[in-house]
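Here subunit A shows up in two complexes: once beside subunit B, once beside subunit C.
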Partner chain A sequence: MLTFLNFNLSSIGKSINYLRENIFTEHVLFDITIFFAAAIIGITGFIFVYLFRKEKIAKRKNILQASIDNFIGEIAISESENELIQVVSNQDYQNLLLQVQHSKFYRKMLINELSETSRKFRGSTMTNVLWLFKKLDLEKQLLKNFDKKKWHKKAKIVQQISYLHLNSNIEKIFSLTNDRNESLRMEAQIAIVKMTGFDGLNFLDNVIYPISEWQQLRLIEELSSHIEPKAGNIIEWLKSNNLTVVNFALRLIEIYRQYDFYNEVAICLSHPSISICSRAVITISTISKETTADLLIAHYDTYNESTQITILKVLQVIGTENQFPFLLSILNHHDDTYKLQAVKAITTISKAGIEKIEKVIDKSLFPWNIILSQIKNVA
Partner chain B sequence: MKILIADDEMITRKIIELRLKKDGHEVIVTSNGQEALEQISLQDPDMIIADIMMPFTSGLEIVSVVKRGGHHRKVPIIILSSMGQENVVLEAFNLGADDYITKPFSPNELSMRVKRLTPAATNLFVKINERT
Partner chain C sequence: MNITDHIFHFLALGILIYSVTLLLFYMLIIIYSISEMKLYFRKSSFTDYNIIASSEFAPTVSILAPAYNEEKNIIENVRSLLAVHYNNIELIVINDGSKDNSLQQLIAAYNLVKVPFLVNEKIKTKPILGIYKSSNPVYHKLIVIDKINGGKADALNTGINVATNKYIVCIDADCVLEQDAMLKLIKPFLEKTNKRVIATGGVIRIANSCEIRNGKLIKVHLPRQILPRMQVLEYIRAFMLGRMAWSRMNGLLIISGAFGAFDREIALKAGGYNPETVGEDMELIVRMRRYMHEHNLPYKVPFIPDPLCWTEAPASYKILGRQRNRWTRGTIETLKIHKKMFFNYHFGILGILSYPYWFFFELLAPMIEFSGFALLVIFAMMGFVAWHFFLYLLAFILFFGYLYSVFAILVEVLTFNQYKKRSDILKLILVAFAEPIIFHPYVVLAAVRGNIDFLRKRKSWGEMTRQGFNSK
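Here is the complex of A and B:
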């Protein structure tokens, strides 16, 4: 072992000597040092030039940004067309507009600022911004990238078109509401609803991709700024093969209390998808009739646990003493959650409900001792 | 009247600033909550217009600090925010905000609300209430 170690050490020593005498001579080492020193100086120089240029561009951008903001600010607060024309004719702004005319970068920046302004403001400010947008003929510039392949660029243009209410481009945006790219599709759907309100929901006729819960909430939020609800093709949407479209249609009926579609919602209670059934239970409870509670009880046994619990919760709101026999039968359920919801329903429907419950259960036994004390405390 | 604006969006700040200057007010512009609180103690503004979502210190924190006590507690504060949820609006009023405007908003509407909160308008309102 020791001999082997000695042999290795001596061979390493020999190799180092060989390298020092034949390869890493003093002359070669000097060349390498010079090379690395030059490389370090070169890289440092490059970094300095790069940072200097970057700072220069940032400074120029900040100056331009401030100048554009001043210009848009003056336009935004103008109170008449004469005042608008005066602002545009101002010599400083004329120079700015000349730069905008000659530079694609400046034009893009101005478009971005204008669309952001029209997103954040309303009233005469928005009207003034749109006036300027048209006066400078910026629509062509905005639409230049629309046919390019990069989805994120398209999505941004879609947003800007909707902020600026450039309604002549509705058809272009409509075609993207069923695009295979999810982000682009979502932005197009929001944009079309922002621009045309309830009419924009026509994209639901053809959309084959799922509409996420988040997107449904965004659409509803967008619709809230449009005053008059329109039913559109809601009956067709309720029959859609796209389950998320059916879900969204039920949501619309629920939010806008569309009593005319009671029968269509009732049909959805027998939908093959349990998630649709569950949504239909909630929807029908918001447009309920005297017979709704019995209708829900008729479907009760065909549903899963969470939908059954939903029905028990709904009965707390729309139930009457007519549903007591059903609710009292639930008190025998093996699951305590069912028992609790049934007790809640009975006691909410009638003050005498608690006495009826006490007749059929032993209130000293678990879980009734806990459930009843809970209910009494709440009352 | 000296009005302090606290908003992190440059274009929003600029438009409010120009609108209020056009109405004859002196305007102090700040881009975050921290800077706003510093300027409030340095410059003693007569009114504050603050956004909610800002770096370092939020608009609601400004309301809370200003209305908690000290000689600025009577300075009217208008909250300007894209958050229109009931709970946020109620929290702002509970903390002591005098008005709440939801974005997108109209600068003309803001100008009217500022006028309504000026000391002269408030005194007139009190006098009318006393007489009726």
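Here is the complex of A and C:
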């Protein structure tokens, strides 16, 4: 045993010595430590040079910003082309424009400011900004090497094109609405809707990538500034293999109260995807008919918990006393959340509902005592 | 060579190999965090977060703020949370049996009245004494729960039971949020289409010495006291490098209890917070992730590098020691509960990389450091120490630590640059050099004590006395 132990220890010892003498030598450790020390000094130096340069650039930017702001301000309030020409001919601004012509930094800043102004304002301000943009031939600068640029720079340019309503680029942007890069694709979709309104939603016909909830919110927000809703190919979108397109189409029907698509939405209540069913429940409640409440009740048992709760909430709005037998049956559910929602639905539908409830429950017992007090308190 | 020589050399090489592996991990962290940060900044450069601030279609969120003896800041903090830039919220403050006047202050400040309220107790908690809502419509988003003391996890579980919204945001009542914190925290839940986002968190910053007015952060200052200043650097390293890198690998094991968002449905299915551990924040994330793995559900836990939440850091060694002791016990408890995942490939990156990393380099690190140092002293006394080798080793480890800290400062400067004065950055660099001498040994000692307390089955949270913010 002792011989065995001694043998093992001695072989470990040999291995350790080998490693120490050949790999982790003191010399190697020392060299690496020196490298670390040099890197620390280098990074520290870089930090302070960077901070110094940043401060310098910020100062330069501030001065330029003030000058550009004044210039754009005067352009924005001009009332005629003559006035615009006068502003541009002003000697101070001529100097600024000369710098813009020769410096990439100045040019980039002016383009950014013009696109931001165009995003924030409409009417004559936007027209004047666009006039200046064209006059200075900045579109060419903006689109220079567009195809060679990295995705985030391309996405930013797409955004600026839409702010500036440079509609000659619509085709180019439309081709990006199905791009492999998520961010670029999203910006292109938003841009196309910004520039063409509901017609821009045509990208939904072919989009193979999912449209995230975030993107759907952005598209809805963008559409809200376009007055005339158009249904487009909404029936096709409801049949899309891309579930997010179906979801978005249902949202559009809900927001714009598209009663004509009631039957198509009703079909979605039986969709294989539970998330689509859940969305369809909400959508159909906003374009409901007399028979909708019973239709939802017919699907109730096939749904998961959250969709069932959604139906109970929806019945508070679209239900009638005809649904009382169903709602009273829910009072036997083991989950208190169902009970609460059923009571809310019954009492919202009819003032007489509370009497019907009190006939089938013992109001002195938990949870009924709390539920009824809660309902009365809210009322 | 005799046996003592063998042991000595074995230990020396063991420490060296351990250190080299740790350094390799740190390098991996640096590479991954840079790549994740770059992606985040590129995406953020054209993102308008305000879209969901007032949109009626934005997801609904319940903010859960447990409060225990928080009377110093409670009114201001609730005001700050009510003013958060997000429309679809309800704020649930859970008074966890405070011994001070937290509840009375809330009742008076927000015109609260007790209301009947059905709580569906999906997670078992300590009894609720009352639920309060404001009679003033201005505060209609506020719900205050008064309950028997059961600890932070129990308070949060009560909040989860009461919450009605799809997402829950858990926040320490003493935290001050950035104006757009909620928008940034909720966005990841809406972005993913192929994987479900089950939780997300953001960077926590140190609020000591900062100017806070009406629950809002007015001006950022580097803490005047040395301990909070050390923690500034520590937090920058942990959040900007560590968590960003783990987020990139989808291997994040912790979302800070100070400010994190969760998918309520998954949190409930996973069973809510575990009141038996003092590391409830880490434990919940690990359990939620485990639930998703065991049900073969694709998911993600992303992390946001923006500074979203400011909190008061311990300014005394005593309080800091308690905090670190608790963190250690929480880590041990969590890793013990989920030991099944250790090197278990069924849990993917979580079992193969995250868990082992936490085990070897978070849990064992203080013990190895402490015992290594103790053995060094013993060997020195016995005359076996090859001093020059140990000094080289020590310098090697120390300088890597400095490099890692300086790199973290560089990342901070290049990204959010919260401390605008150049002198503040210089102070932070000096702090990086002082840290291994005046801060780190104490943290290691507190962690060792945490291990001992764990073995002695000590369960206490440890009182955290607040100094209160620098309000003007």
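In this section, the second predicted complex is superposed on the first by the 303 of 379 C-alpha atoms of A that agree within 3 Å, B and C clash if a C-alpha of one lies under 4 Å from a C-alpha of the other, contacts with A are read in each partner's own complex, and residues count from 1 in each chain.
Please note the rule applied: contacts are C-beta pairs under 8 Å (C-beta built on N, C-alpha and C of every residue); 3 or more make two chains touch, one makes a residue touch a chain.
Computed from a predicted model, the values in this text were never measured in an experiment.
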Message: Tell me which touches more residues of subunit A here: subunit C or subunit B.
response: C
- request: Determine, under the contact definition given at the top, whether A:Ile77 touches first (subunit B), second (subunit C), both, or neither.
  value: first
- request: State whether A:Pro210 touches subunit B only (first), subunit C only (second), both chains, or neither.
  value: second
Message: So in the superposed three-chain picture, is A:Val360 touching just subunit B, just subunit C, both, or none of them (first/second/both/neither)?
response: neither
Message: With both complexes superposed on chain A, which partner does A:Ile43 reach: first (subunit B), second (subunit C), both or neither?
response: second
Message: Taking the superposition on A as described, I'd like to know which of subunit B and subunit C A:Asn377 touches: first, second, both or neither.
response: second
Task: Have a look at where A:Ala352 lands relative to subunit B and subunit C in the superposition and call it first, second, both or neither.
output: neither
Residues on subunit A lying within both footprints (that of subunit B and that of subunit C): none
Field: In the complex, subunit A residues that touch subunit C
entry: 9-10, 12-13, 16-17, 19-20, 24, 26, 29-30, 32-33, 36-37, 39-40, 43-44, 46-48, 50-52, 151-152, 155-156, 159, 183, 187, 210-214, 217-218, 220-221, 244, 251, 306, 335-337, 340, 367, 370-371, 373-374, 377
- request: Would you mind writing out the residues of subunit A in touch with subunit B in their complex?
  value: 65, 69-70, 72-74, 76-77, 113, 116-117, 119-126
Residue ranges of subunit B in contact with subunit A within the complex: 9-12, 14-15, 17-19, 22, 103-109
Task: Could you pull out which subunit C residues touch subunit A in their complex?
output: 1, 3, 5-6, 9-10, 12-13, 16, 20, 42-43, 45-46, 51-52, 55, 57-59, 115-118, 120, 187, 189-194, 265, 388-389, 392-393, 395-396, 399-400, 402-403, 406-407, 409-410, 413-414, 422, 425, 429
